[in-house]
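Structures incoming, each one as structure tokens.
Paired with chain B in one complex and with chain C in the other, chain A is shared by the two complexes that follow.
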Partner chain A sequence: MLGLLLAVLLIPYLVAAYGLLFVKLRWGLRLFGVFIMLTIGLLMVMFFVEAYPIIVRDGVAVFFQADWDPVRESYGVLQALVGTVLTSAMAIVLAMPMAVGAAVTINEILPARWREVFGSLVDLTATMPTVIFGLWGLFVLGPFLQDLVNRLAGGVVMTSPYTLFTGSVLLAIMITPYAAAVIREGYALVPKPVEEAIYAVGATRFEAVLIKLRYIRNYILGGFFLALGRAMGETVAVAMVVGGNFARLTTNLFDSGITISSLIALQFPNAAAYQYMVPALFTAALLLALFGLVINATAIYIIQRWQI
Partner chain B sequence: MTVVRKVVNWLGLGLFVFLGVVAVVPLFLIIGDIYIKGIDAINKLGGLWHFLTALPPSPFDEKGGIGPMLVGTLYMTALGTLFGVAIGFPLGVYIGEMRREKFAGVARAGVNVLVEFPTITIGLFVYAVMSLAKEDLNRYVMAPLSNAVTAVLGGWASYFIGPLGGYNAYAGAAALALVMIPYVALITASAYASIEQPLREAAYDIGGREFNALFVVLRKAVSRAILTAVLIGTAKIAGETAPLFFTAFGNFYYAPFTEATGAVSLWIWYAAQTPYDVQITSAYGAAAVLLTIILTIFIIARIRR
Partner chain C sequence: MRQVKNLKTPVLIAVAAIVIIVAAALLVMQPGGAPAPSPSPTSPPGGGAPAPSPSPTSPPGSELRGALTGGGATFLAPQMFAWSKKFHDVTEGKIQVNYQSIGSGAGTAQFLEKKLDFGASDVPMPRDRYSQVAGKFVQFPVIIGSIVLVYNVPEIAFEKTGKYLNLTSEVISLIYMGEIKQWCDQRIKALNPGLADKLPCKDIVAVHRSDGSGTTAAFTLYLSLAYQPWNQTVGWGFTVKWPADEKAKGQGAKGNEGVAQAVLQTSYSIGYVEFAYWAKNKDKYDKEGGVAYIRNDNDGKYYFPTTENVAMGAVAGLQRYARKYGVLPAPDGDWNPVSIEFANPPRGYPILSFTYVFLWKDYSAEGYGDAATKVALLKQFFRWVLTEGQKRENVVEGYIPLPREVAELGLKALELVKP
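== the complex of A and B ==
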């Protein structure tokens, strides 16, 4: 009955909001603000309600347990948590230099008419469907990385093309444009007098870039956190290349693993057959949502608080 | 300037350019890979028209296509865009134009959080609401509505309106709309916030009512930015996969939109992970089609700017 109310009230609510736009504009607009806050609130409540059975059964143990055995109805998300942390850490380490490089190249080094083109290419990378990255990772990047790593190591380090490392590299490619966009935004805001002062003391182009990068460090930090949030939440591409090993905890980057979001994507289709699997997956989703909330809140706080 | 500083200067700048190029190169590799293998795949699976309309190949077929998925993607993307803009645009006006209000600041923080939310959690959210609402919704609303509508319009209307299955195109569209709303809202907000004060005063002057000032006069000043946002947002949700897993679910056949519906992105995800060559080939063909759709929208958005 509650669900019916929700679904049925949605339409009159939106109609009322639109109607109010014509009568009392400000209140109409406010209703849209209320709508989005209700959605976020409902999302968190729904996740908690759906996850409740397993939290009651296992307590916080579900977060610190690393086995996933549907037959015994025993679920833990630690291995997925470790996988998420490992892949996003590795991805962000690879992505940040690329993002800074891309931002500096576009804003500083390229001639003005090439900036638009290069910037569009970076934006296009952010718009490309993640499943296409996944397809490429599955058939091109994975085998390539396996070959490369094994040749560099001079032995069989990567036994499979699909590992946490493959996922990290693919993630790094995907999150670079998000960080680059934030850094570019900050870069464009460096005041002209500051720039002139830098060159006036005789700095070379490279030194000027370094000083400017230090000047906009809050934006770099903000971009870092936004990209980190993306990396933690990315699902499809990672699920395709990460190996799908949800039964065993591993901290070896060159081993197949799992992340929280790919655990949900890969396990949800057969979750209905087990009593506690759906709650366990909603626990994972709740964790993911909380992660996202904290990281993005930090990023927004950093960017807004120390605005130049 | 000493020689050392000159060398460091060139080395440093070179490093930045190198890193920037490394960031962009994968894009070309991906687009090249998808088109080279994709066009080949479409030819092998029976030509472009066959590929765009036929049912997907079973593991033992020689030919096949992505017809049902393409229809599903177009339908859900259109609906998602419609609702995404219908809610995202006024929301953006609110947080951009009334930003001195305390609640507008709260709403802006909410939108900022939602835009970075993992899309799979949005899919799960719609799934949870759907499973909560489905039974009563069907009994009290959808069944009578469907009877009334089919009585007037004929049987074909039941393909669009009818008792909903656990997975359906409307849940998929709702999830896509939820992905799009914050995106449109943020760009609308920053476009409205960047209007200069004199222009705003002039708009209020000739607009008379606040509604006219905001939605008729000032709309012209920001329409370009917002149209770009809508186009890029459309391109984004057309390729989304994660929000559709548990809402549209995917379907290999032409089916009513009230039941599980296929999407091109879902087919790529499914077919790429099967062990059958013909389905992997069709995944590449589907990727080429999806990429073409998205590149077209993206280029239109860029040229307009």
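== the complex of A and C ==
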């Protein structure tokens, strides 16, 4: 197995590196591209091979049913997919304004000598271990959100501190620095002549910000998809606050649920004790990978259209 | 440009050399992978004889030094770390026991793949796996845990009323099945006449583990045995499908600490945690609710989760097994029937969880390197665990030491282990 990995990974890498450096840059890069595609393809094949037993047993039904009953060896991953989509969507909706706001604040409003400091601070948040966010969510954010939501709604909407909504808010906080970092970089790269031109036509500061944001929309989109990818894949912190309710489908954000990655994290340690649980978890992984591919393909498509 | 050309040949040679080295390494490694197990097939043909051949290398007991690696149940981890540290001190640093807290399922799997020297699990070797390795390994309990039901109902908090709730297996089952939905349900009131008028008509939030766990396995096994309808609708295992999730307000949390925290944070909730997680936070629970007395359905008495009551349950379970089968459990036998007799015992606190250790009977036949030393180390360590290790000062708070009768089983098992 180790030998196979070496053969698959190291040799193509060396060949591509050699081509890149000494034969023709373009070819080397292409080889690298092919090589990366191959790796991703192999990964998907591995997921499929591992998931094969349950796909043979249940057919595609395993993707489209919501169930998790190890006692009866009955599995479905739809609820986890729905949970992933809901939490990621909610998180990105909450995070993008924060990210843009943080980027603009750091580049426009803060005095120049503070920019570096705050910029690094935001970046630092991104490097914090996710389990710390998880603990904070468990002890502080969850109870706070429950209190807040129930007070605003004037009734008991959130029966528990740990719901899909808690997971979404925690995710939003966690992914904001990623999006902010990309947007900030883009914002700083707006050419001086463009900036001068904006002010020359008499734009206010607010209008200038809007024009500049439009100018760097590709960066915003890049940050958006980077953050979305993070939100979909985040595991530990979400597993701690999402409520871990994986036997039934829910579309209510204020209900406890599950996401694909947290399902895998929570159920994998004892999965070997069951016949079909490991394949079922790999099915979930396959689904997440396919979903990620779709999201990224959409991202590339949109970016290309915008550039024309 | 000229520089690049000059570099071209040396780099080409270097790359070619690396490729050749890697290829050579692969070629060497593949046969290298095979020889490792191959010595083991050579030793079994020798029958019982192979033991003497490796033994000259390992001197007897006192001079023994080395390291062991085991892994499995997360529940056992704090206790195992404490034992390992103490044993390290006792042996003056000669014997190091490493424990990987990877979960019961993974611990069992890796033990069977011979990646670990010993495995630990909250359930005995599952039946389907047992049939594959029957007679080749031993299993025995090393420590007891008990599972308590904690609740958060401010109206009847222990601090205000001075009383804890009484619960039975039936009521617990019905709560987790989503049939009993509110705290003021008649069936709860009937068990708690003293608190009946204070029980609020609020929805019960039934908190359970969201990760697969031995705690869930022990808890659901108890419910399966004590209340038939539970067995038919839910069953037992590391993870089950909780009907309360669909029919009432079910709520999952990660780990014992997650459930403990969720119950403290959520009003009108109930949850099951290992004894230790309640014992550490007793004051906090008393403020919000408390811990339940559980009725032992066999003798009809309510028991509070104390060390004595839990130990009483363990001994009674063992006696029941001995009466039923006429013998004490065999260390190399199937322990699933034993764990069933331990669950819901005739007397004492009824929700027990044992942590079992798996050892091979014949380490050299299983292909372990330096089997003689390994077995001597294992024997010395577990003999210490089952005797000195069960003394109060060596047991971490929240764990319950094995009663002497149960520890004897483990000592007998060790006699079967040979290099």
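Following the convention adopted for this analysis, the second predicted complex is superposed on the first by the 250 of 308 C-alpha atoms of A that agree within 3 Å, B and C clash if a C-alpha of one lies under 4 Å from a C-alpha of the other, contacts with A are read in each partner's own complex, and residues count from 1 in each chain.
Basically, contacts are C-beta pairs under 8 Å (C-beta built on N, C-alpha and C of every residue); 3 or more make two chains touch, one makes a residue touch a chain.
None of the values given here were measured: they were computed from a predicted structure.
Novice: Does the superposition put A:Leu21 against chain B (first), chain C (second), both, or neither?
Specialist: both
Novice: For A:Ser256, using the defined touch cut-off, is the partner it touches chain B, chain C, both, or neither? Pick first, second, both or neither.
Specialist: Only chain C; A:Ser256 stays clear of chain B.
Novice: Answer with first, second, both or neither: which of chain B and chain C does A:Pro53 touch in the superposed model?
Specialist: It touches nothing on chain B or chain C.
Novice: Between chain B and chain C, whom does A:Ile109 touch in the aligned arrangement: first, second, both, or neither?
Specialist: First partner only.
Novice: What's your read, chain B or chain C touching more residues of chain A?
Specialist: Comparing chain B with chain C, the partner touching more chain A residues is B.
Novice: Give one of first, second, both or neither to describe whether A:Met240 is in contact with chain B, with chain C, with both, or with none.
Specialist: It touches chain B and chain C both.
Novice: After superposition on the shared chain, which partner residues are touched by A:Asn270: those of chain B (first), chain C (second), both, or neither?
Specialist: The second partner, chain C, only.
Novice: Could you look at A:Leu138 and tell me whether it touches chain B, chain C, both or neither (first, second, both, neither)?
Specialist: Touch partners of A:Leu138: chain B and chain C.
Novice: Just checking: does A:Pro70 make contact with chain B only, chain C only, both, or neither of them? Give me first, second, both or neither.
Specialist: second
Novice: Figure out whether A:Met98 sits in contact with chain B (first) or chain C (second), or with both, or with neither.
Specialist: It touches chain B, and chain C stays clear.
Novice: Considering each complex separately, which residues of chain A are in contact with chain B in the first and with chain C in the second?
Specialist: Shared contact residues on chain A: 2-3, 6-7, 14, 17-18, 21-22, 138-139, 240, 265, 269.
Novice: Applying the document's contact rule, which stretches of chain C touch chain A when the two form their complex?
Specialist: Residue list for chain C touching chain A: 4, 7-8, 11-12, 15, 18-19, 22, 25-26, 29-30, 74, 102-106, 108-109, 123, 126, 203, 205, 209-213, 234-242, 245-246, 249-254, 258, 261-262, 265-266, 269.
Novice: Under the definition above, what is the set of chain A residues touching chain C in their complex?
Specialist: The touching residues are 2-3, 6-7, 10-11, 14-15, 17-18, 21-22, 67-72, 138-139, 142-143, 146, 159-162, 239-240, 243-248, 256, 258, 265-267, 269-274.
Novice: Under the stated contact criterion, what part of chain B meets chain A in this complex?
Specialist: 1, 5-6, 8-13, 15-24, 26-27, 29-30, 33-34, 86-87, 90-91, 93-95, 97-98, 103-104, 106-107, 109-114, 116-122, 124-125, 128-129, 131-137, 140-141, 178, 181-182, 185, 209-211, 214-215, 232, 235-236, 238-242, 245-246, 265, 268-269, 272-273, 280, 283-284, 287, 290-291, 294-295, 298, 302
Novice: In the complex formed with chain B, which residues of chain A make contact?
Specialist: Answer in residue numbers: 1-4, 6-8, 14, 17-18, 21-22, 25-26, 28-30, 32-33, 35-37, 39-40, 42-43, 46-47, 50, 97-106, 108-109, 118, 120-125, 127-136, 138-140, 173, 176-177, 180, 202, 204-207, 209-210, 226, 229-230, 232-236, 240, 261, 264-265, 268-269, 281-282, 285, 288-289, 292-293, 295-297, 299-300.
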